[in-house]
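Submitted below is the structure of interest, expressed as structure tokens.
Lettered A, B, C, D and E in written order, each chain numbered from 1.
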Amino acid sequence: MSGFFALVGRDIRIALRQFSDTMMVIVFFVIAAALFPFGVGPEPNLLARMAPGILWVTALLAAMLSFDRLFQNDYDDGTLELLVIAPQPLWMTALAKIIAHWLTTGLPLLVASPVIGIMLNLEPRGFGVLIAAMALGTAIISLVGALGAALSLGSRRSGVLLSLLVLPLVIPVLIFGAGAVDAAIGGFPATQQLLVLGGLLLGCIVVCPWGCAVALRLAAD
Amino acid sequence: MVSHMDGFSGTGLACVRSNRIVFAGLDFAVSPGGALVLSGPNGSGKSSLLRLMAGIARPAAGNISWQGTPISEDPEMFFARMHYVGHRDAVKPALTVRENLSFHAALRPGPTDINAALDRVDLAALADLPARMLSAGQTRRLTLARILATPAPLWLLDEPTIALDYRAVDRLRGAIDDHRAGGGIIVASTNVPLGIDDATTIDLAAHAPEIDALWGDESTGEPAEDVR
Amino acid sequence: MLHRFANPTRFLRLANAVLPWATGLTILLIGAGLYFAFGASPADYQQGETVRIMYIHVPSAWMAMFAYAFIAVASAVGLIWKHPVAHVCALAAAPIGACFTLICLTTGSLWGKPMWGTWWVWDARLTSVLVLFFLYLGFIALANAFDDAARGEKASAILALIGAVNLPIIKFSVDWWNTLHQPASISRIDMPAVHTSMLIPLLLMAVGFTMLFTVLVIIRARAELADRRINALRSARIHAETAHSGA
Amino acid sequence: MSGFFALVGRDIRIALRQFSDTMMVIVFFVIAAALFPFGVGPEPNLLARMAPGILWVTALLAAMLSFDRLFQNDYDDGTLELLVIAPQPLWMTALAKIIAHWLTTGLPLLVASPVIGIMLNLEPRGFGVLIAAMALGTAIISLVGALGAALSLGSRRSGVLLSLLVLPLVIPVLIFGAGAVDAAIGGFPATQQLLVLGGLLLGCIVVCPWGCAVALRLAAD
Amino acid sequence: MVSHMDGFSGTGLACVRSNRIVFAGLDFAVSPGGALVLSGPNGSGKSSLLRLMAGIARPAAGNISWQGTPISEDPEMFFARMHYVGHRDAVKPALTVRENLSFHAALRPGPTDINAALDRVDLAALADLPARMLSAGQTRRLTLARILATPAPLWLLDEPTIALDYRAVDRLRGAIDDHRAGGGIIVASTNVPLGIDDATTIDLAAHAPEIDALWGDESTGEPAEDVR
């Protein structure tokens, strides 16, 4: 277990030492969301209607940008080999990295999302559900993204390949996440969508660290 | 060659990279306190063999045992008893020298002495510098400090002296001698003489296969009829 | 001894034996199927001539799912028993499955325009088939994205296994969510007057497509195996030359 | 000049040897564009209205993903040092890399955009202008993106950093590009917007290779 | 030391990295046919000096001249006459060995002989293999082939023998001798003896500043008061 915490601690420390990195995911989120009023035109009604969708899509794309370095640096400098032959289960190593990733990018995205909601004229009664859904959603995205990152490790142009692998797999997150917010805005309960997201999260927690571990072992080979 | 119940050994090892057999039919055995040096020209498979020994890659044939147990049987037990230093340095430029070392030490069980290790490789004065400020040789020394920070009876070193100055090479040699005096085993690949006089040497060039196509017909190396 | 884990001879012998039969059956079945579908079967009383799209749409939808299941199973075999031919088969099947999926998507859209008044709706059935298509693309891209082919095989095999979760979603999406799309029941086609005249060509086409799939997989797998063999021989020769000149 | 063509040739050859890579940018483009209907809901009218905006934003984001490796590989493996001390003007080197980038990603995006237009129910009369605007726009994006990539070289997570640098710079492209398509859909001439894009392109051709050269020299130092 | 009108020289060179003076007051001069070896312990600034010489980085003080002209005056002219081989290999894994070499050759003016260069480093048999399949030493040899493929009177080599086997080292030494016999100049840094008997040697350790923190207090090496 000491290795587990050492790994989480190290990744967070690296992220904090370059604090601007964490900021950047958020700023990308903000800018990408801000582009839409330019592209679509600033009519408040249209924007408010699109807000949940834009929020989720841009959060996803922002998270996507952070994945390509999740294992890449460790892979390039030989740390990954050492993690693979460290005397602790590899899925625990993978889980530690995933948790560190969520803490350094998922959490900031979560914190930033209400701000973007305001920018996009999201209706006030959507905010509570937005945050709940985002919490579940970003965790799923971290898990699935890590799996994609591990699978595409060592490939050429892993960044784009990664998007190709991850985006289709997180489509359900998008549908139910945006659906939950839409429901809340419309005044309906969003319980069902949130339950589905919770179920997806549980499934991912079971499958992804294991898949990551297999993929990482392959990558080191 | 007999398999040593108390040492590190491998029999009938073969390594395949991109469909090509690099070496085959390789046996080795080292007993406690022993040293094995892998030599051979560039591309003969020294690094590949070390990666097999470390359990990073799987041999295409044959198996490797630690104290009589195949390493694939209980890998974690084996990993806990082994240090591997490859071509690449596993050093994070953003972390300080000490943080880098502590991280690697925390991944492993057993007692840890960071300061002694840094002292031993003459990096104590640079301990709180970010690793990005190190020169090639200093970085390599930081990598080698890893094997001194936590104890392990087996050291696998891939060209450990690369980029080191003569003083650092002397210190490394001293560390290796101490390790062996305590019953440790060392396997090192190298292109320059390491100065371990009583080491067994395996010349990888002697294990290059004669016909090395995986898919070929045994005698001619031609594809078999039915594929065409 | 090294041949044991890599020699595809047995597979090739089997494949070569099956291939002519499968080819013959493919031509026969699809030929007959097309004849019945476009010549000998009546137009539907509701849907008119557009119903004939069904004879392509439904079999290719089935094949899209079948091919993915085939890939998932082959991938599992490759990962667990480390049989290289299994990976070769999975890779050979992927583009074919992707084509069937694309055919299903396009014929579905073509059918959707007259039936639903739109080319595309974002309902569960259509969405999950689109996700299947992306999974195929991801599988192919991942398999080809590595310098080391063996690595690509294994990585894509893991993806195939995880992506298999999508198959039950496609199958049952029409039951779980109510959608525009027909629920899965052959009885839907079981309309009194046209029963056998529509069912026969449909089944002919379905079996014919399966045979076509078999033929294409065998051809592609054989080509891939030969390719690998040539590569291995070439690098072996190069290596032999270096060893020679080095001595 | 032989160095110029050697560089363009090498980059294209690397891209072609890994043909699937070029495909991946397009596939990302397609997937990202396809995500919007999920998030926003599939109503054809709403989609058609948003289509130009979504098209441009996703093309931008897709291109963005391809930049982080534009100079990074050369930087990591030491090729960049050698390019900096090659006996030809560094801006020519930069221009060669930019041209190769456009040929391997801008051009495919251009080719794919009508397909996405169809997916998003874009009105038929918008297509001609869409392609013209995309041709100008992708070239600008390649130029500006290369500048951003050069500037952010050597920092970790340069992918995200460079989005931050590049996105604000290409907002004008987005506005006029989407504006041109909107105009065409509305039945107005889009000449003015296209002229502005052309002007931007000229400006970028003058400024960006030079800026790249300066940034690259700094990065190698 | 006089500046050679027909050679390669530098005066009063100083190098600063991350606010620390690595060396200062360093002069060197090599005439045609001459060789200069940079030695010194790890971190003494060998690589840093070579990068100054190559024009990749600018010296903090002093200047460097090629045939009497400061290199910063007409860098392109200087670059055309110089080969630099650094720690990193500049090899693209996706391209074949030959394509890698041709690319680097095309960046430079003058006659090119790819095949002869590959022959010389014993890679002719691997010419059409993708470079990713090379081992550490083979990759290094490919890097060294660059300086043989197109002629240039000045070679700057940073630890050229790293990862090479003894045969390759011999070949490199032969190439260096030929180069010098033709009036070429070579500057090489190294931690292991290169075996160039008549080379001038600069010991970087001798040029380390006494007070080596730009901001530090002279006597203690502690940061000065005002920085805190």
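One rule holds for everything that comes next: contacts are C-beta pairs under 8 Å (C-beta built on N, C-alpha and C of every residue); 3 or more make two chains touch, one makes a residue touch a chain.
None of these values were measured; they are calculated from a predicted model.
Listing every chain that touches chain C and chain E alike gives B, D.
Among the remaining chains, those touching chain C and also chain D are A, E.
The chain pair with more C-beta contacts between its two chains, of A-C and D-E, is D-E. Of all chains, the one whose Cα centroid sits at the greatest distance from that of chain D is B. Of all chains, the one whose Cα centroid sits at the greatest distance from that of chain A is E.
Inter-chain centre distance (chain A to chain B, centres taken as mean C-alpha positions): 37 Å. Each chain gets a centre from the mean of its Cα atoms; for chain A and chain D, those two points are 25 Å apart.
Separating the centre of chain B from that of chain D, both taken as means of CA atoms, is a distance of 45 Å.
In chain B, the residues that touch at least two other chains are 18, 41, 43, 87, 94.
The residues of chain C that reach two or more other chains are 127, 134, 137, 141, 145, 147, 235, 242, 246, listed in rising order. Shown for chain D are the residues that touch two or more other chains, namely 18, 21, 24, 27, 31, 38, 41, 76, 156. Taken together, the touching pairs give a contact graph of some other shape, not a line, ring, star or complete one. All chain pairs that count as touching, in label order, are A-B, A-C, A-D, B-C, B-E, C-D, C-E, D-E. Residues of chain C that touch chain B in their complex: 1-3, 5-9, 12-13, 16, 148-149, 222, 225-226, 228-233, 235-237, 239-240, 242-243, 246.
Put simply, chain D touches chain A in their complex at residues 18, 21, 24-25, 27-28, 31-32, 35-36, 38-41, 46, 49-50, 52-54, 56-57, 60-61, 65-66, 68-69, 76, 156-157, 159-161, 163-164, 167-168, 171, 174-175, 178, 182. On chain A, the positions that touch chain C within their shared complex are 147, 151-152, 154-158, 161, 164-165, 167-169, 171, 175, 207, 211, 214-215, 218-219, 221.
Against chain E, the residues of chain C that register as touching in their complex are 147, 235, 238, 241-242, 245-246.
Chain E contributes residues 54-58, 75-77, 79-80, 82, 84, 86-92, 94-95, 99, 102-104, 106-109 to its touches with chain D in the complex.
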